[in-house]
Structures are given as C-alpha cells and as structure tokens.
Amino acid sequence: MKTKTDSGNFFEDFKLGHVFQCPIPRTLNQGDISNYISMTGDRTPRFCDARMEIHPLLLFHLVLGQTVRQISLNAKANLGYAGLLWQRPAVAGDTISTTAEVIGLKENSNQKTGIVYVKTRAQNQQGKEVLQYNRWVMVNKRDEKIKTEYLEKPVIPELPSKIEPEMLWPVKEGIPTKGITGGDFIFEDYKVGERIDHVDGLTVNTTEHMSFTRLFQNGAKIHFDNLLTDGKPLVYGGYPMSLGYALGFNGLQNRTGICAINAGAHANPVYAGDTLYAFSEVLEKKNFGADARTGAVRLRLIVTKNMRVEKVDSFQIYPEAGKKVLHPNIVLDLDYWDQIATGA
Amino acid sequence: MKTKTDSGNFFEDFKLGHVFQCPIPRTLNQGDISNYISMTGDRTPRFCDARMEIHPLLLFHLVLGQTVRQISLNAKANLGYAGLLWQRPAVAGDTISTTAEVIGLKENSNQKTGIVYVKTRAQNQQGKEVLQYNRWVMVNKRDEKIKTEYLEKPVIPELPSKIEPEMLWPVKEGIPTKGITGGDFIFEDYKVGERIDHVDGLTVNTTEHMSFTRLFQNGAKIHFDNLLTDGKPLVYGGYPMSLGYALGFNGLQNRTGICAINAGAHANPVYAGDTLYAFSEVLEKKNFGADARTGAVRLRLIVTKNMRVEKVDSFQIYPEAGKKVLHPNIVLDLDYWDQIATGA
Amino acid sequence: MKTKTDSGNFFEDFKLGHVFQCPIPRTLNQGDISNYISMTGDRTPRFCDARMEIHPLLLFHLVLGQTVRQISLNAKANLGYAGLLWQRPAVAGDTISTTAEVIGLKENSNQKTGIVYVKTRAQNQQGKEVLQYNRWVMVNKRDEKIKTEYLEKPVIPELPSKIEPEMLWPVKEGIPTKGITGGDFIFEDYKVGERIDHVDGLTVNTTEHMSFTRLFQNGAKIHFDNLLTDGKPLVYGGYPMSLGYALGFNGLQNRTGICAINAGAHANPVYAGDTLYAFSEVLEKKNFGADARTGAVRLRLIVTKNMRVEKVDSFQIYPEAGKKVLHPNIVLDLDYWDQIATGA
C-alpha cells in the first residue's frame, strides 16, 4: 500500500522529460525581506529600499526549497549548478511557482545511485519566468539489484559552462552611488585577476541555520534532526552561500546584486559553531556600453570555515600541486556574475 | 501598597462572570506570517498565498498570549482546552482584541490551589469574533489558610466534549489541489482508524522557542529565565503544538488547516534540545455534501520527544493495560478538526 | 594601495566639521515590526496597532547601525550619548537616511587613541528629521608616534546634560488606556523618587543577539565572530537596552514609548547566556497641561545581569561609599524620557 506520507523519489522514479509541478507556491512578503537581512546581515542597497525588491539569493533558496520534496529528498549529494539566471526582479507580494524538468539520467557504475539532471524554472503570478537553472544531484536507487537503461546508455545534457554576459540584463533601478554606500570603488576600478579580502567573520549558530532553511520550507530532515545526525544537523548549503555573499559586500559596496551563477560547489559541510570568512577573485568583466549605469563582473567567491585567509593574494585554492582539489577549509566555491555601478 | 508591577491574579482574585479585557490588542502583519513559517516550517498552502491569511495556530498563540497576564501568570498547570473554534479567517492587517470570562471556579481540596475555567473570545477590528475557546488552569491561591466558597460549592461549567462537525464552516478559499501540493490523497482517501506517520523530526533550539513565545507577547517568565529554571526554561506548550502540526503536513498535504480543537493535553514538558516527531490518527469524518470542495476530518495528533515511533499502527498510546496514562515520551495529545480537499 | 575593503576610520581620519553620509539608507517594513517584537517581547501598545508605527528603539538601532562603518568600526569603547531626541514618528514604509557630523576631537594623553564626538541626524524620505543624537566613542589612532593637534588643543563640544522637557512633543496617537493595557497606573500615580521593580528575567541567547544586530546591518565583527572572540562574541549594547525597556513595560503599562535619551552608559559587557533583570527610578515629571493626554516622565532604567534585585528600594546603584562606580552586575544605566497616559 502506498503510504500517505511522501517519501520522495528514487532514481528509478525519474522519467526523462517529465516535468514536476513543485509544491507549494508561495507569496513573498515584507517579512521575508526583514528576515533575510536579520539572518544574513546583507547590505546590498538595491534590496533595502522602498521598492521592496527581493534579494536574488532569497528567491533562489525559496525555489530550491520548493523542489526538495520531489527532487532531492533522497539525494546523497548536491553535485552542481549550471546556467543559473535571474530573469527579472521579484518584489514583495509576488507569488512564485516552480517546475522541475528531468533533462538527464545516468546510473552510476556501483548501481546503488544515479545522477538526475533537472532544469528548474520559477515564475511569478503573471506567468513570467523569474529564475531558471540546471542542477544535478546524486540520488539513491530504490533497488540496487535491478539496473536501469541509464547504466549503459546515460543521457547527459549539454550544460553551459557559464552564462554568457550577453544574457545578462543591465540593472536600471536601485543603483548605488558612492554617496549612498560609502564605497569608493566603481565598475571601472576592478581588475581581472585581483582578489578582494572581505575581512569579517560570521559564526553560524544552531537556531539561525534552521530558521533560515525553514523560511524556505525546505524540510530535508538532515538539517533539523539532532537524533538522526548525532547532534550535528548539517547546515543547508545555501546558508553559507548567502552569508559569504553578505560578507562580500565589504569590498563590493557598489554592486547591484548577484544576477547569474555559472557554477558552484559545496566543497565541505558546515555545522553550527563554524565561523565563516570569504574572499573574491575577479574572473571577467563585461562593459554594457558607454551609457550603462552598471557593468557586469564575474567573480569567484571562496568561503572558508574556521580559517581566516590573511593574505588572499598568495592563498592556494588548490594546495596540492597539479590537483584540482580545493583547500579542506573551503566550504563554497561559487562562480557568479554581479553588476557594479559605473561612473556614468 | 499595591505595586505598579502586575503580579498576576491568584485564585481569590477571580470572580464568577467577570470579563477581563485582555491586554494588548495587536495588529497582525506580513512579518508575523514570515516568522511563523520560519519558526515552524509549516507548508499548509492556504497560509502561503497572496491573500495573506493568518495561520489558525498563529492566531491561537496570539490570543492565548493576550490572556496570560490576567489568567495564567500564577498558573501551576495548564489543564485543558475544550470547544475551540476558529469562526472566520484573519488576514495580515487585522487587529485582534481578546476577552476572557470566568465561567467556573473550583478550589482544590489541598486549599493551596484552585481551578479557574475561562471562556476566551477574540475579535477583529470590525467586532467580529474570530476565535472562541474554553480553557481551565490550576492557579495558586494567595492565602491557603482562608478557604473560599468554591471549596465546598465548586462551579464547574458544562463544556463540550467536542466541536460538532455541524459547527464547522467549509473552507472556500485557498483550497489545495494535487497539482499544487504534490500530495496524492484527498478527503475520500482517508479512513477512520488509520494512522499516518509524519516521518520527519525537528529539534527544538533555545533561541527559537523563546522567539516564538515572545512573538505572541507571552511573557510567562518560566519560558525565558535560565536562572529561575536552573538553565532549563520550559518550552511554551504551543510551540510543540505548532511544530507537530507542521510535521503533520507530510501525510495531510491537501488539508486546508486546523479549524477546531476538541481537546488537548500537554502531557510532558519540552526543553531546548528535545527532538520532536509526530503521527496522526483519523478519528472521524464529516462530508459537507456533494458539492463541497472540502470535507472535515477529526484527527488525533500525537507528538513525541526523543523517540521516533517507527511502527505507528501498533504503537500503544497508553502502554499500561487498562490505564489511560499516556506514553512518557508523548508531549502532546491533540484532538482537532481539519479539512481536506475533496475530489469535487 | 588602498584596498577595496573598507577598514573603517582611525582617529586621524576624522576632520572637524566633516559630515559623513552614512550607508545604507533602509526602508523599514512590517517584518521589522514583527521581528522587533519577537526578539524583545516588547508590548508597548502604540507599536502594536494598525498604524504600523516603528518602535523608537528599533529606529535608534537602525540609525546607529548605519553609522558603524564610518564612525565606530575601530572604536575601542562606546563612551556615551547625549541629547537624543526622536523628532517625529516613523512608520513601516519609511526610508531612513543618516548623516554623522564630527563635532569634537580629543587625542588621549597615551597617544594611542582619541575621542571622536559626532552628531547623528536621521531623516525620512521626505527629508524630515526623525532622530538626532550626540555620541562619543574612543577610536584607535592609526599611528601612535605622530601626535595630532587635538592632543594639546582638544575640541570638546558643549553637550546637553539632558533633553529639556519643553523639547518633547506630547503623543497624540496610540495612547493606551487602563482598559487596553490592564495597567492600573496613569501619569498622575507616579512619584519622583519611587522605584519600580520589573520582576521578570530574560536570558540572552547566542543566535538572537546576532540576529538582532544583523537586522540593523550593524556588522561590527566583535559581535559575530567566535574565533576572534575566543567563543564569546560581545552582545551589541543596544540589545540589553531594548530588552531592559521591554521588561520595563511591567510597571509602566500605560506608557506611550521612549521619546528622548538624556544619557546612557553600557556599564558592563553582556554575553550569550547572561540573564537580564531591570528596575526603574522616577527622576522627574513634566505635565503637558490640563488637556494633554500624556505627561512626560524621566526615568532611570537599571539593567542587571545574572542578579535579580529583590528589594529595589534599598539597592545601592553605587555600592562603594562616595564613589560613582556602578554595581558590577549593572550592564546598562539609561536616563531617558517616556510619556504616560494621563487621566484626561
């Protein structure tokens, strides 16, 4: 008998091309804005003003939370993101509905797990898309004795290695100025290759990581249950992302906010009690033209735990020569696009 | 001299028929909705949409908090509830004012305490009732040497053993569908006698139980003071009620929300660090008619601490044969009415 | 090379007469009201009703938070406040912008630090002032070997020892009554010299003090970083101020809210785990006239940690004879004006 309780999908349950309608549509409100500031300390000016625009990462966590029950309740690992683009602003009062389409399936050779590739699309109450991204997760099989067709014939989608800067839309409202932010540096001042030390540290506490995760109705039990986790509930990976981004304001004061994610890795787990630090590296720049009030900057955000990197310029992200293995204190390696006010 | 500080009422201070105007009227806002989600993880769709309807339990905690100063500041125990009915929806922006009428008094034979029965009524800014319930609490006497008339002639009100289903109003707005909730089961699928395992666990943390209680301006010191409580402030009994109800979504996905409480017992105390689990039993069903978009389901919600019930069907709620003594890990036994979307 | 990271100003960076435009203007919203109640338990009726008026202390913390980056990021100590006046109400939806003018400079004789006096002014989106205060902080020098002109010729501004009651504006909206608050005492009942025991205790927890501080985007690292502080992040001094004021409701039930601060001292640090208690002393009264619906009361709020003062009337605020040294358990000594409903 099928139980009334939803126990999530296993690898065999995913059908190529199937589109999940993700529960529960949710209306964003002013309280979500206040809570996001209270939980992260984020100061990006565009999300503090009277227009009540929703922070892009708040929207992302909400949408990801909506997909958890169907996509990742039985996930063993969150493997990656690609092609994440915020398509238009959301404001308090908008209602967000989300779908997740299965675009790829690959059974792993151990026959215990498989990889599910989904394309997530979130739209507002007018049916307009606000956020789109690809994500792939490792999911448990229901039965490891029966192999699926995706063991020998995996379907792996072509995913963009990055969002091309031409796909970004220049921000027109809520653009900061030196006078407003106290930050001296504008788009023109940032150089490809430079690193920015974000200086401050933030300790993650028990209650706030759970409150943050619940705000987005993400009920994955591993984040909430002391008994199940021997007293160490895993912090939802999106929380260090938001905290690292908030820390990143110091050094990027005239930014208008994250507008795309090219790639991201939750490299190591975070638990309550860990203290997070961050630095950024400028990877690429895109000038939107002489009249544009912002320019795009591609950044690599590195968040470390329990280790402040004092000299960011000489820090080895991959400490072992010749190996692409992240430093063990790195918890997040995020490749994203932001925009920074120009001198225009 | 009467001190300026309000030290609450003792048994002798309650007069039969007296109606307390409870402080402080409070306007509910969008932030309360966001905080309630963040503190409980509740996903009931009707309280996540653009109508900004207030969760019935949020309203209940607010109203109960308003009565604390006059009714239960000197309470030794919260003995029970009866006949609790939400009479109409409340939305963000509504201002809630509450009265409490003394409807019964009984001095206990030890002459140290008495039982006070009150009928609480909450109304909105239009003077329309939104919530009504009976509650009885054990209150300390001011002077145990002087007996009151209620020792020998107690006045015990007749209280309804349950809300009759005819008193419930079928929900018309915010009704979920399988497509919205991802839940396969509708009203017709639930059988009287069946039990539903809600699977997930939630650990209660120090800060969040205090924040929850303060949100409702319930200032009973036992919940907040480490010194007074030897480092173990008691969790407000309404928090496990809300957490258990939130856990209950998994298995009751197409519910429209709690609409009446027949009886409730806070069977054991909860402290920070306890992990809560829940299951439900279907006690009764009421069909509102062929055209109704919901049907009423009477449920018994059992919340346990630090013990997940693996096999809910065979679990003994009263483990000792012939005795109506709840299992020691049960913290809440709640008999309530909900409504679930029909196939109509 | 100047780094992109803002490392705050040192004593030498402050120029007499310079006016800082403080980052970031912020729009207050309904969520801030809900969070303030949830974090403090404050019950002052004027800030709980449908007008969505912002609690004066919430506004103060927001404004102070806006000044941190430029004024006090390198502060060694927060020395005092003077002449703090709330000039008009703020409501949800108002956008607050703040400036800080350097009005005094004094290099200390050790040549390691100096004192910076600033006048802070906050205005709403209509350019109208909502809050004004003077504050002085001890700030590190960048170079202790080079003395400044302010070592020998300090400029010390004249600061008001108190806000004269004539400067206060009688509150006209949101005035409580005995019926609303359950409090029996009105303006006429309070006597100069009397002390009021606020009875209840509140334990400060790790997460909530950080959430509170972040809500106001106050990023001073000493409040957030376990590693930097050997596991004891300092609680932002504004939190015990708000908690003490919230505790003070019990005994001042018919108040309309703090309207000016004459002086304040954060006498001892507070850390997570400390339990706070409070009492008040009536210092002065001002009758606004026979028709006025409120009268002004000048109060001294004493907040203690880990020690409940049982007999407030005989408690020695300065236990050593002849010395103006506060009792070591006092964390806050606040001299402020409130208003209390009259019998008019």
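A, B and C are the chain letters, set down in written order, and residue numbers restart from 1 in every chain.
Keep this in mind: a contact is a pair of C-beta atoms (placed from the backbone, for glycine too) under 8 Å apart; a residue touches a chain by one contact, two chains touch by 3 or more.
From a predicted model like this one, the values you see are computed outputs, not experimental measurements.
Asks: Could you report, rounded to a multiple of 5°, the rotation needed to superpose chain A's C-alpha atoms on chain B?
Replies: 120
Asks: Taking all residue numbers at the chain B/chain C interface, are over half used by both copies (same) or under half (different)?
Replies: different
Asks: So the centre of each chain is just the mean of its C-alpha atoms; given that, what is the distance between chain B and chain C in Å?
Replies: Going by mean C-alpha positions, chain B sits 37 Å from chain C.
Asks: Hey, what residues on chain C touch two or more of the other chains?
Replies: 29-32, 34-35, 92, 205-208, 211
Asks: Spell out the residues on chain B that touch chain C in their complex, using ranges where they run on.
Replies: Residues of chain B touching chain C: 2-7, 20-27, 29-32, 34-35, 69-70, 92-93, 95, 125, 205-208, 210-212, 214-215, 217, 219, 221, 224-228, 233.
Asks: Which of the residues in chain B end up touching chain A in this complex?
Replies: So the residues of chain B in touch with chain A come to 29-35, 37-41, 43, 45, 48-50, 52, 92, 176, 179-185, 189-190, 196-203, 205-208, 211, 250-253, 273, 275, 306, 308.
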